[in-house]
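In what follows, chain A forms one complex with chain B and a second complex with chain C.
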Partner chain A sequence: MVTNGERGEFSIFFFRFLKYKRYSSYQKTQPSDHQVQQDSRKDRPISSQLSVNIEELHRLFHQAPDLVIRNFNLANSKVKAALVYLDGLSDKNSISNNVLRSLMQISFDPEKELPTTVGDVKVAHTWNFVENSLFEGASALFIDGETKVFLLDTKGWAERAIEDPQLETSLKGAHQGFVETGSQNVAMLRRYIPNRELVIKEITVGVRGKSKVYIAYLADVASQEVLQELEDRIRQIQMDTIINTGELAEFIEDNPFSPFPQFILTERPDAAASQILQGRFTVIVDRSPAVLIAPATLMSFIQSVDDYSTRWIAASFIRLLRLFAFMITLFLPATYVAVISFNYEVIPLQLFLSIAESRSMVPFPPILEALLMEVTIEMMREAGVRLPAPMGQTVGIVGGIVVGQAAVQAGVVSNIMVIIVAATAIASFIIPSYDMGTAVRLLRFPMIMLAALFGITGIMISFMTILGHIISLESLGTPYSSPLAPFRFSDMKDSFIRFPLWKMVIRPKSVRTIQANRQGNSRKQR
Partner chain B sequence: MKKYTFNEITYYQFVFLIMGTQIGAGFLALPRVLAERAGTDGWMGVVIGWLLSVAASIFLVKTAEKYPNKTVTDILTHLFGRVPGKLATFIYMLYNIWFTWIILINAMLYIKGWFLPNTPDYLIMFLFSIPTFLIVRNGLRIIGRYSELVFYLTIWVPVLFLVLLKDGSFLHLFPLFKVEWSKMAASGLPAIYSFLGFELAFFFYPFLQKKEHAVRGIVIANTLTMLFYLVVTLACFIFISPDEITGYNQPVLNLLKVIEFRFFERVDMIILNILLLIASTTWIPYFYCGVYCSSQLMNKADHHSHVPIFLGLFIAGTLIIHPTWEEFETWQHWMANAGIVFAYLFPAFLWMYSWGYEKYKRRKAL
Partner chain C sequence: MRRKIFLCLSLMSLVISGCFDQTAIEDISAALVLGMDLDDQGDLLVYMSSPVFNKEAETKEEVYQVKAVSLRNSRNSFDERVMGLSSGSKTQIFLIGKRLLKMKNWDKYLDPFYRDPKNTVTSRVVAVDGAVKDIIFDKPVDKPRLPLYLTKLIDTAAQRNLIRRTTLQEFRGQMVDKGRTPWIIELAKGKRIELKGSTLLTKQGQYQLSITQYETELLRILEGKREGDYSLTLPVSSKAAHDKKTYASFSIPVLKVKKRVRYKGRFVFDINVKLKFGLGEQVIPLGVEINSKELEKNIQNQLEKDLNQLIHKLQKNKVDPLGLGLYARAYTYPEWKKNQDHWVDSLAASKINIHVDAKIKSMGTMR
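Up next, the complex of A and B:
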C-alpha cells in the first residue's frame, strides 16, 4: 500500500508537471518569447492596424460566407474595433448580449480588462491561434492600435440532445449516451467519477482539421506504461482529420489483420466510467459519440453494463447465455454442414432420418445451401440496418415469407437449414458488442467452408487456429485472452460468472493497474 | 544477461507445457502395449515409468538450476566449448524436429484413417500447419498460454473414462503381482516412452518466472501425466477382458466406442478430434524447441523465419514419402531409443559432468 501511495503521489506530481508543460507551451505561442516566433515561420504576428488585419482575415478566409466581421466603435471613443466569428459555430445570443452590448456601452481601457461577460477570454498575438480558435467557435475581438486579439469563448453550435444510445440499449443502466461534443463527453465522465484523480489528457490529432482527443483515466490506478503506449500510438497518427473514433481505433490497434476488435467502442458513459474505475483508459474523440476503451480483453466483449445492476445470479446466467451464443454462432452452421456432408455417423439414426427427409427435396449440396442461407440472412440484416424504420419492416416481411416459407416449399433449402440459420442469426445478435458480433459472423463463413471440406476435423483445425490467434492477440501490449490464458483466477470473478460485487475487491490484473485493490471490504459481517 | 525475460512463462504454464508435451497420441495404444508385457499388472509399469521419469526430471532441473539463464544449447556451449556445443545443438535440433515430424505423422495417420480417407495426406499436413504456424511463431509465452488453455479445455476427458468404470469388472485386475518382477519392469519400458517430453524442460527453464518452484512443477507435471495414464490404463483393463485387450490396436478407442448418448452416437469420433488438440500440445513445444535450436545455430535472435520453412519441409516430406503406419512404427522405435538417451541418460550425465566441471574450474581458480 505504501508503494501504491507513493506512486500515486508521484503520478500526481507527474501530471501537474505535464499540465504545467502544456500551459507553458501555450504561453510560448505569444510573441513575447522570441524563440517561438523564429520556430514557426508561418505564424505571423498581428498588425496594429485594424484595416490590415481585416484584409488579412479576408485573405485567410477566402470563400467563407459564414465568416462574420462586425465593425463597430468602442464606447465613448472613436477607436474602431471588429468582432469576428464564424456563423453557426458560435452562440449569437451570447455575442450580442454579453459581448457587443457591453463593448459598445461601457467604456474601458483595452490594456486592462474587457467589460465582456463571457466565461473565458484568451489573448492571442499570432494568426494561427486566432484561426484555430475561430474554428472552435470563439469570437475574436480586433481593436485598432492593438497588436493583440481577444478571443472570447462564445462556442455554440447545433448540438444533439443527450439520448439513450441506439446501439447499446440497456434496461437498467443510465439512459444517456455520449454526444458529438468532446468537452460535453468529458463532463459526462466527470459526473460519474467526481474525483481529482480522474485525469484528462488532451492530444491534438489531424493535420488539416485538428481534432481534440482526450485520454481519460485514473492517475493513481492506471498503468503508466500502457498510457505511454497509447499516447505514442495516438501521436503517431498523421492524417487529414479524424472523423470517427472507429478510425482512430484502426490506426492504433495492435493487430490490424485480426478479425477481432481490440478496443471496446461504447456510447455509454456509465460503461466507460466503470471501465475507468477498473484501471482502463478511455479515449474520447471530439465530434464522435463513441469512446474507445483500452486495453480490452475477449471477455470484456461479452460483458454489458446491465450485468452489474441485475442480481449476480441472473447476471451470471445471462453471461453464460452470451458465451453459449458466441459458440453457437461460430460452430452451429459449420457443425451442421460437417455432420450432414461428412460425419453423419455421429448423429443417431432417428435424427438423421428426419434430416434426410427434410433434405430430400433440396438439389444443392449442404455447403451451398448453408452459404446461400447465411448470405441471405446477412443481406437482410444489412438491408434492415440501412433502411429507415418504416421501410425496414418490409425487409422483415419479405425476408420472413421468402426465406421462411417459400424457399422451403420450393425445395431450394431444407427446413432444418432454416432453423440452423435462424438460430445462428439470433445467437449472433445476443453478443452485446456489435463489433464482436460482426467478427464472429464473419468467421462463420471460413468455418463452414472448412467443415464442408474436412468435416469435424476442419472445425477442430479452425477452432485451434482461432484459439491460437486469440491467445497471441494483444491490446495495447496486454494479453487479449486474459483471464483464460494466461489464467488469472482473480480475474475470473468477472468473466463466465459475475461474482457478487463485494467479492470483486481486486481490479482486473490484466490491465496491469498500479493500485490493485478496489476500496476494500464493503459488506458488513453478520 | 537475462535475455529471455520478454518471453516469460508462469509456473502453471510450465507445468502444463510439460504435461501437454508428455501426453500425445501415444496413450491410445498404451494399454495394449502394457498388457502385452505384463498382462493386467501392466498398470504398475506406469508407476515404474513415473518413478524413473521423476528421477530424471529432477536431475534435469538440478542441472539447469546451475545455469538459470541458459537454455540447454547455451549450457552445452558453456561446458564443452563452441564447436561441440554447436554440434550438440544440431543434434538437439534434429531430435526435436524429428519428434515433431513423428507426432504430426501420427496425428495425420489417425485423422486420415478415421475421418478423411480420401483426402491427400499432405493436405491434412497443411491443415495442421496453420494453427502450428500461428502459435509457434509467437514464441514460448504464447505456447505456454496455449498449453494451459488446452489443459482446461480437455480436463473432462479423463472423467469420461471414469464414467465407464461402473460397467467394468474389477476382478480383471486381480490377483496383483501375478507376473514376475522382470516382466513388470519390462512393462516400465513402454511407459517410459510415454513420459517423454519432460526433457524439453531444459528449454523452458530459463523462461520460467519462479525458478525456485521448478522441481515441484516438473514433479507435478509428471504426476498429472501418470494419473492420466493410470486412469486410461485401468479403465481399459477393467472394461475390456484381459484376453481381448492385446487384440485391439488402440484399446482406448474401442473403449470410447461404447459410450453413446441419446442425441449423440460415436463419442470416439469427437474424442479423436479432441486428440488433435491434445497432440498439438505435444508437437507445438517440440517444434518450437527445434526451431529455437535452428535459430541458435544460425545465430539469429528470433525464430520467425524458420517456422514456415520447416512446416514447408514437413508438407513436402509428406508429399514425397506418403508415410504409412509401418513406417511410422519404425520411426517411432528409433525415436523411443533416442528419447531414452535425451531424456533419461543425458540429463544424469550432464548433471555429473557439470558437477565435475564446476569443481575442476573452482579448483583451477584457487
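Up next, the complex of A and C:
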C-alpha cells in the first residue's frame, strides 16, 4: 500500500485531518455478551423427541405466522414426522411434489437415504444451523426418534425478471442487469467468464440478518494483497444487516469524507465481467442488484461498456466529450460567477456588452443568482427522479417554463445564467456513473462560492484542492488517480483515448495483477 | 480539537477576506472609448464614452467631456457623472486630438494605462484629424453604438492593411525605442466618420506627417508583414491602349521583404521586396490585351517608383515608422551607437535603395 512518505508532505499536511481512522479500537471489539448468549442457546443439539423439537421451534419462532409446520406420518409406518418451512421463502410446488409426496408414499430408512427428489439435502444436528437454513428458504424435516434434521433445498421466492438496468442503459451492450438474488448474479458472471479460475469467495455479513456477500475474481490474475485488504474490510463489518451494496461500500471505502465515489457500483453483468477480466474484484451482495467493483480509478468513472463495442475512434471521441463535460460541470458556473464579479476584463467586448445588459435587470448579486438557479435545477432533477413518469413530465414542463422563460422575463435571473445552468446540468448527466455525476454536481457549489469570494484565484484554489485530494485518494490501497498520478504509460491506452483493443496487450497496472498479459498478438498481419 | 478550531477559523477568514475587490459587471461604466484633446486655452480635455446597461435608458451610451489635469484625475470627474464606476479595463479606442498631438511629450498622460494593471494596454491608438468631440459625440443612426462601430471599423480596415493597428503597448515601444518613431491610425470626420490612413509622429510624440491610405498600404508592404490582404490599384500604361486610362487592381498573396544595412560614410539600406500578385481587376478597353510580362513590368516599376517617393517623404520629414533603426542597431552597431540619439537625422542623410521584384501568381478566372 502507499505510505505517507510516498504520498508526499503536501498531501499529509492538507488531508490528514480528512483521513478516516479505519481500525479504531471500537471496531475491534469482540461480539457482545448478549450475542454470545443468544448463539449458545441456539446451538443446542436437536432432541430425539419430535414434540420437544416442535415446542422448541415454537419458542424460537414466536410471533411468526409464516412458519409452517406440517405434521404427518412417514409412509407405511407410525413414525411421526414434521416438515417445517417458512411460507413465501420456499417453493410450495417442490415441497408438495418432491418432498411430501415421496415421504408419504415411499417407505424408507431414515438412517440411510431420503426418497425425496430435491436437489440438495443437508443434515443438521444443532438448532443454529436449522434456523439459518429456514431463513434461507430450506425446509427442515424432523423425524421422531432422530437427533438429526434433514434440510431440503426448496428455496423459492418471488423474483424480478432480468431487465435492462435503468440507470445504466447501454446502446450496444447486453440488455440484462443483475437481480436481487445473489446466486443468480453469480451465475450471470459465470455466463460471461466460464473459467474455473473465476473464484467466488463467500463471506457472511450482518449480525442479525445474515447476508451473503460474494467476492468474485480471477484467482490467477487478481492480486492477493488487494483481496486480503478487501476481505479484511468486509469481515470487519458488524452491522444488523446489509440491505444494499451502497451500504457495504460505505463501510469499506478508503476515505468516507471524500466527495468522490471510490468504488464502481454497477448493475451490468457485462461491465462487471470486463472489470474482473482486467484483474479487479467484484463484490456481489445478496438482495441487492448493484455490484461493487474495486479497486476503482477516477478514469474508470468516465468509461462505459459501450466504449468497447463502439469503434475505437468514435469511442475515444465520446470519452473526450465526457471529460469535457466533467470539466464543464465543475468549472462553468464558477467561472461565470468569477468573471462577472471580478475579472470582467477577460470577456470579449461583444459578449461583455450582452452579459452586462442581461445582468443589469437582475436585482441579485451574481453569487445569489447562480446559487438560486443551481438549486432550482437540482430540485427539479430530484423531483423528477422520484415521481412516476407521467408526473415527471409535468415537472419538466413546469420547470422549463418557470426557469427558462418566466424567470428571465420577470427579471429575476439573466438569460446568460439560464444558459450556463442548463449547459452545466446537461454536462453533468453525460458522466456515465451516477455516483460520480452526483459528486461533481455537489462540488460545483463550493466552487461557485470560492469563485464569488476570490474570482479566478478562488477557482484555482478549489481546483488545486480537488486535484490534491484526488491524488491522495486511494481505492483499496491502490492509487485513485492512477494512469495520471502515478503516471502509468500503458494504462493511458484506456483513459482519454480508447486505443484499439488489440493494442491493449497488458492488464491495467494500477490494479496490481499477478498476470500481466491479457492477450497475445490478436491481430493477423496483413 | 485544535485542528477543528483552526479549520473553522480559516474558513471564516475566507469569508471575511474575500469579496473586497468585487465589482459586478453591470456596475461598471466601461470607458470603451477614451479621448484626450486640448481646448482653446490649452487645457486638457478628457472624453469618455461608455455603454449604459439599462432597459429604461433611451440612449445606450453616455458620453462626457471633462476638464482635468490628467487621466486618473479625470476619472473622479467621470465618476461624479456616470452611473457606475468608470473603468479603463475595456478601453477599445484611444482618441488623441490634433491639438494635443501638436504638443510635445503628450504621451506622459498615458501613464495610468501603463502603470495600473487594471487598465488595458490593448486599446487602439487613434489620431483624430480635428477635434475629438466631433467624433465622440457623433451618433450615426445606421451603426451600432459608437465604440463597437469604431472598433469594427478599425479592425476590418486593418485586415485589408489600409491602416496599421497600433495598440497602447506597441505605441509605448515605438515611443521609447530609439530606432523608430510612432505610427498610428488617423481618423477624421468630414460629413461622416472615416479613416484617413496614418499619422506619423516624431520621437517627442509630436505630429509630423499624415500619409494616405495608399501610402499606408505601401508602408505595410515595406514592413513585410503578411497579415490580412492588400488591395492595390495602379495605373498601367500599355502600348495597345496608349493614352486611355487603364488600371489594374491586385492582391499580394506572397510577400517577402529583405532589409539589409551597411555603413559607408552613411547608412545604406537595401530593401528587397519580392512579391507575387494575383490580378483582381483590369480596367482596359474591350479587345485590348495586356501581355502578362508587360503587366508584371508595369506594376513592378510603378510600385518601385511609389515606394521610393514614400521613402523620400519619410526621410524628408525625419520619421522612421518602419523601424529601420532597429536594423542599423542590429547590423552596424558601432555606427548606430554614435548616431542613436539623432537617428532620424542620420536616416534622412542615408541612402535607401528599394528593389521590387513582382511576379504574377494568378490572372484570375478569365483571360
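Some notes on this structure:
Everything that follows uses one rule, which is that the second predicted complex is superposed on the first by the 484 of 526 C-alpha atoms of A that agree within 3 Å, B and C clash if a C-alpha of one lies under 4 Å from a C-alpha of the other, contacts with A are read in each partner's own complex, and residues count from 1 in each chain.
The rule we apply is simple: a residue touches a chain if its C-beta (ideal position, glycine included) is under 8 Å from a C-beta of that chain, and two chains touch if they have at least 3 such contacts.
Computed from a predicted structure; not experimentally measured.
Of the two partner chains placed around the shared chain by superposition, chain B is the only one that A:472 touches, whereas chain C remains out of contact. Shared-chain residue A:365: touches chain C; no touch with chain B.
Of the two partner chains, chain B is the only one that A:487 touches; chain C does not reach it.
When the shared chain is aligned, chain B and chain C each come close enough to touch A:342. In the superposed model, A:456 makes contact with chain B only, not with chain C.
In the superposition on chain A, A:438 makes contact with neither chain B nor chain C.
By the touch criterion defined above, A:351 reaches chain B but does not reach chain C. In the superposition on the C-alpha atoms of chain A, the part of chain A touched by chain B in one complex and by chain C in the other spans residues 342, 345, 347, 454-455, 458. Note for the complex: chain C touches chain A at residues 3, 7, 14-15, 17-19, 21-26, 28, 30, 32, 51, 53-55, 89-90, 92, 118, 120, 147-148, 151. Within the complex formed with chain B, the chain A residues making contact are 342-343, 345-348, 351, 454-461, 464-465, 467-469, 471-472, 479, 481, 484-487. Chain contact summary for the complex, chain A toward chain C: residues 17, 339-342, 344-345, 347, 349-350, 352-353, 355-357, 359-362, 365-366, 450, 452-455, 458. Interface of chain B with chain A (complex): residues 10, 12-13, 111, 115-116, 119, 124, 127-128, 130-131, 134-135, 137-138, 142, 144-146, 148-150, 152, 262-266, 269-270, 273-274, 276-277, 280.
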